[in-house]
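Shared chain: chain A. Partners: chain B in the first complex, chain C in the second.
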Partner chain A sequence: MTHFPHTDKPTAELNGISLSYPKGAAVLNGLDWQLLPGQVVGLLGRNGAGKTTLLETLLGLREPQAGTVTLFGQDALTLDDATRARVGYVPQQNDLFEAFTPAQLLAYFRSFYPRWNEAKVDGLLSRWDIARDKPIRKLSGGQKQRLSIIRALAHEPDLLVLDEPVASLDPAGRRDFLRELVGEVLDRGATVVFSTHILSDLERVAFNLAFLSGGRVALQAPLDELLEQVRAFTGTVTEMATLMTRLGAQPLKRTALEAGRERVLARLPAQATVPAGVAVDRVNLDDLFAELT
Partner chain B sequence: MDPTHFVHINTGSPEPIYRQLIEQVKRRVAAGQLKAGDEIPSVRELAQALAVHPMTISKAYSLLESDGVLERRRGLSMVVAAQHQRAQSTADRVELLRPTLQKAAAEARQLELPKAQTLQLFKTILDEQAP
Partner chain C sequence: MNAAQFSQIALAPWRQRDLSAPWGRWLIAALLLLVSAGCLIWLPPEAGWRVPIGMAIVIVHGSWIALAGSLLEQNHPHAARCVPGHWRALRRAALLGWALCSGLATLLAWLIVPGWGHWEILLLGNSVVVTFLLWTSRLWWLWLLLAFHSPLVGVFAGKLTPLWSALATLWQANTYGMLLLALLAQAWLVTTVFGDGGIKHQARYTRQALRRNAMRMMSEGRQPGAAAWGRHAERLFSPFVAVFSAWQRRLLAGADNTRLRSVMARADIVLHGHQHWLNQLMSLGTVVGLTLISFTAVHLVYSLDLSNVFRHGALGMGIGIASAGLSPGFALPVSLWQSRREQALLRLLPGMPQGATLNRVVATRQLRNFGVGWVVTLLALLALARGTDHTFPLYLPLAALPLAALTLTRRPAAMRAPTALTSVLPLFALFVLAGLLYLLVSELGASPWWVTAVTLALAAALLPWRLRRLAAAPMALPVGRLG
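On to the complex of A and B.
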């Protein structure tokens, strides 16, 4: 049996975060969020929902107008070097130095970190077919993305933040990347947050899902629980109101239909039994994404 | 046991991955493909082979253990529990299909399908080559 280094101390804690861009509406609006050690959290949200902004704020790269971000117990905006070295980040737009070769780039970053797993770096460069001595600008999009991932894993971070890390990878490359993530969790109990639109990837590795909507983490829960507890009901508005009360269900999303009917996505208490004759459907991750983001 | 072929998972299903693992292991034990004392892949091996979070695997294994399908051997490996010496009787194995068929029956009633044609479809599907 695998044990995870579960402590009560969150790896990351965001409280009351509000952030808006000049002349823009609020992107994050009183957002609270917690990441615990060993969790792999999939961050779900529509395009423009603020996922990248949220991840950058989590990392202390953006200063919110209100609220606090704490990483490993320190203010994210003033992390000391030792704590910063515990974080790995794969940004959506890779920020690799295009004139460098992968070997030069990695040698450069190596100098910043107290820990550096050279064996892992060598293994991944070979397995992921990245030429060590070719200028980075000549690498393909997928190769650059893989190099960015290698850079983020090399110093064995305890918190790994990945913003759309697999967009340019083919299915085999994605599977291999997911195996690496699982290894990070198994080896060190690393905390991982990643955003992606490829839901099948999330479904495999993300034990927990966070739905970003309206500038807040509207719901965070283990995917298993959501699949087992969330159901889609249809009926008249009155029937639905009675049913929700009777089941003690928590409505998550209502969609009005024709003729005074509605569809209600609701989370049932564990072990609730839906009465016979009620129109009810199970949901999958695609449904949850469509309805809750 | 080769962890890559131990079980398969379907993403996009309303069935959580840990449930899929449990049901597949139960079916393989019931069919006698896995027998008492057979060692199953470790949490680590299976998590990496399937690229699935290790907690998903350990959750499935713990439930299989409390259902008496698996047991923990000294050391840390899990094996198929001692009572599963051979394949279950046909009658018991057929019972395992009940929940799936109940669901199919409910859908057939919703579609108001005649019984004969529904059964014929099931026969046809049974005769098809396994994919």
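On to the complex of A and C.
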């Protein structure tokens, strides 16, 4: 069930975002990014690349020095209550009130949301084996993470932002979580963006990947397209320039090799055919992460 | 803010209460009831009912402090920015609580003020107190401002006096208008205490979370390091760390595993942690230094006769000195709990005593540290008692002896995780026992020498018995493994 009429308008839009910390280098540097309804976007980047900063900026938790962020067409810094109710967030650092029990915490937040799926909450608490009446302080790291996810899913948000949501989960917990995430998208067409370092999880659910590097989203594209269209070519600099022009390929990264040769990671247009005799390698997700972040 | 939101917000302080030591709250409630009943029975009727009402005012303010702390804890930046209506609901709940507490405290104060004083002044005073208490939950250093208000008022008297005069004139001319203006200004202050989820709020919330965590550790008897209080505190205490590091380097340079003293001096660094004698000494030195500075400031600003101050303030100062001098010693067993994970490794180190020897050595070193603190405290209290009639503080070190014989010789292996009660109970027992000894002498006419001799005999009898029991107990380290 979709709560809002289908629209092609972006769920979130970031334009020209620049942000740096006091006495620090720029973390985000003229970043442009767009999230469309129903997209599941895996945000990838090295440690310290600014993934958390980007997600916090997206939610209006950080004010950029330049640029604009809009969520559902509103300025992210001044969202009204109706729009806030459409956003769910799982932060990297647990923000649960630790003296509460899970039942108390969920009752607390339920009072603020106009819609709340109690059946889903009950089901997830039972399936994920979270004691309702045990103080949150005494739950394990994984259980706290699951509770944080339940709280974010309970009001059925149209935009779900998750910062390293599976970091504390075991493989079974990650599988359950990913199943829920896919359900959210398939059932309601929600937009989901999450950062992670576990690439195998991305292969299961992320239909889109965004690579964050140098303070910008270096590339965002559907995962299957990337795996199908991105290739690594090796040859002399002249050969590579000719080949890229001939194929109409978009070079993503160039790495100089010895003796005037180079390795070019490039995205081919759909239906492009690589001529015989060209040194070309397929790439997997690990390669993409290593090369593009 | 709807009723469901309000009930959830109002329930939060109760849900966030410390569940580890519920007896502490029952004890306080029982004491308040006993004191109230005693006042109603024994004091003259016109004075007797004022004490319970006065205590009710303290309870109202105490409840407000708990509510204010909880509201600020609920004001998480993520919730303020992402949860619909959360920030607004907190501000409205705070306004409602502020109005209720100010009103109730005013009503109670109005009942006990002789001649049924002016309610306008009472309302203004109580609302200022309630607003101040709310803001101290956000800015802890406001308490310091209160502590040093006396010299500060003196310093700024030249500028403040005309301002106070002008305000007093305005108050006289238009009391209700001024009262309304003051209440509105305070209501505005109440709403501005909450953050909106912005970057400053996030930084402040992180600092407050650190402080709450450190306070929780302290309430459980654990001693958080300077780092637990945040970057500023860490920087402030860096000279302490430098001194401790220098002493540690010297100790390690002369390490000798064949000498028990050298081995245990190094083990103490781990075992006593922040309650190590050197840390205690530096903390005490800082407190004494700050006290001297504030005395000097007051003396210079007001030209007070210090002998007069000592004569009238001897009781409070005596209790303060006794608390500062004796409580670190009582905290030593609890500090053992903090290093229990490192203690397994410690036991494997060359030269480390084992079995009954280890039990005896651990207890002896605790008793020795306590003994040094006890002697210093006694000397300070004797010096203070020379110019005053207040003898109660002298009973504190006396009462500490049998209690130390009991608490410092506990079997470490059977210890349980410290709670708020664990750390408070020895001090509570100390004050109760000292109070009883004082009453024996002052009210029942017992000879002070006789009371002293009996207490010393009790401590002397307890100590060998406890040490024998400790020698037969399971190995002391790691503590708590059999608890």
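Note that the second predicted complex is superposed on the first by the 287 of 293 C-alpha atoms of A that agree within 3 Å, B and C clash if a C-alpha of one lies under 4 Å from a C-alpha of the other, contacts with A are read in each partner's own complex, and residues count from 1 in each chain.
Simple rule for what comes next: a residue touches a chain if its C-beta (ideal position, glycine included) is under 8 Å from a C-beta of that chain, and two chains touch if they have at least 3 such contacts.
Remember, predicted model here, so these are calculated numbers, not experimental data.
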Chain B versus chain C as contact partner of A:Arg188, first or second or both or neither: neither
Touched partner set for A:Phe100, first chain B, second chain C, both or neither: second
Which of chain B and chain C A:Arg261 touches, first, second, both or neither: neither
Partner chain(s) touched by A:Pro135 [first = chain B, second = chain C, both, neither]: second
First, second, both or neither for A:Ala85, with chain B first and chain C second: second
First, second, both or neither for A:Leu61, with chain B first and chain C second: second
Set intersection of chain A contacts, chain C complex versus chain B complex: none
Residues of chain B that touch chain A when the two form their complex: 9, 11-19, 43-44, 47-48, 50-56, 58-59, 61-62, 72, 76
Complex interface listing, chain C residues touching chain A: 2, 4-5, 7-8, 11-12, 15-17, 19, 73-74, 76-79, 81-86, 89, 197-199, 202
Touching residues (chain side chain A, partner chain C) in the complex: 59-63, 79, 81-82, 84-85, 87, 89, 91, 95, 97, 99-101, 104, 107-114, 135
Chain A residues within the chain B interface of the complex: 1-2, 4, 38, 40, 175, 178-179, 181-183, 185-186, 199-200, 203-207, 223-224, 227-228, 282-286
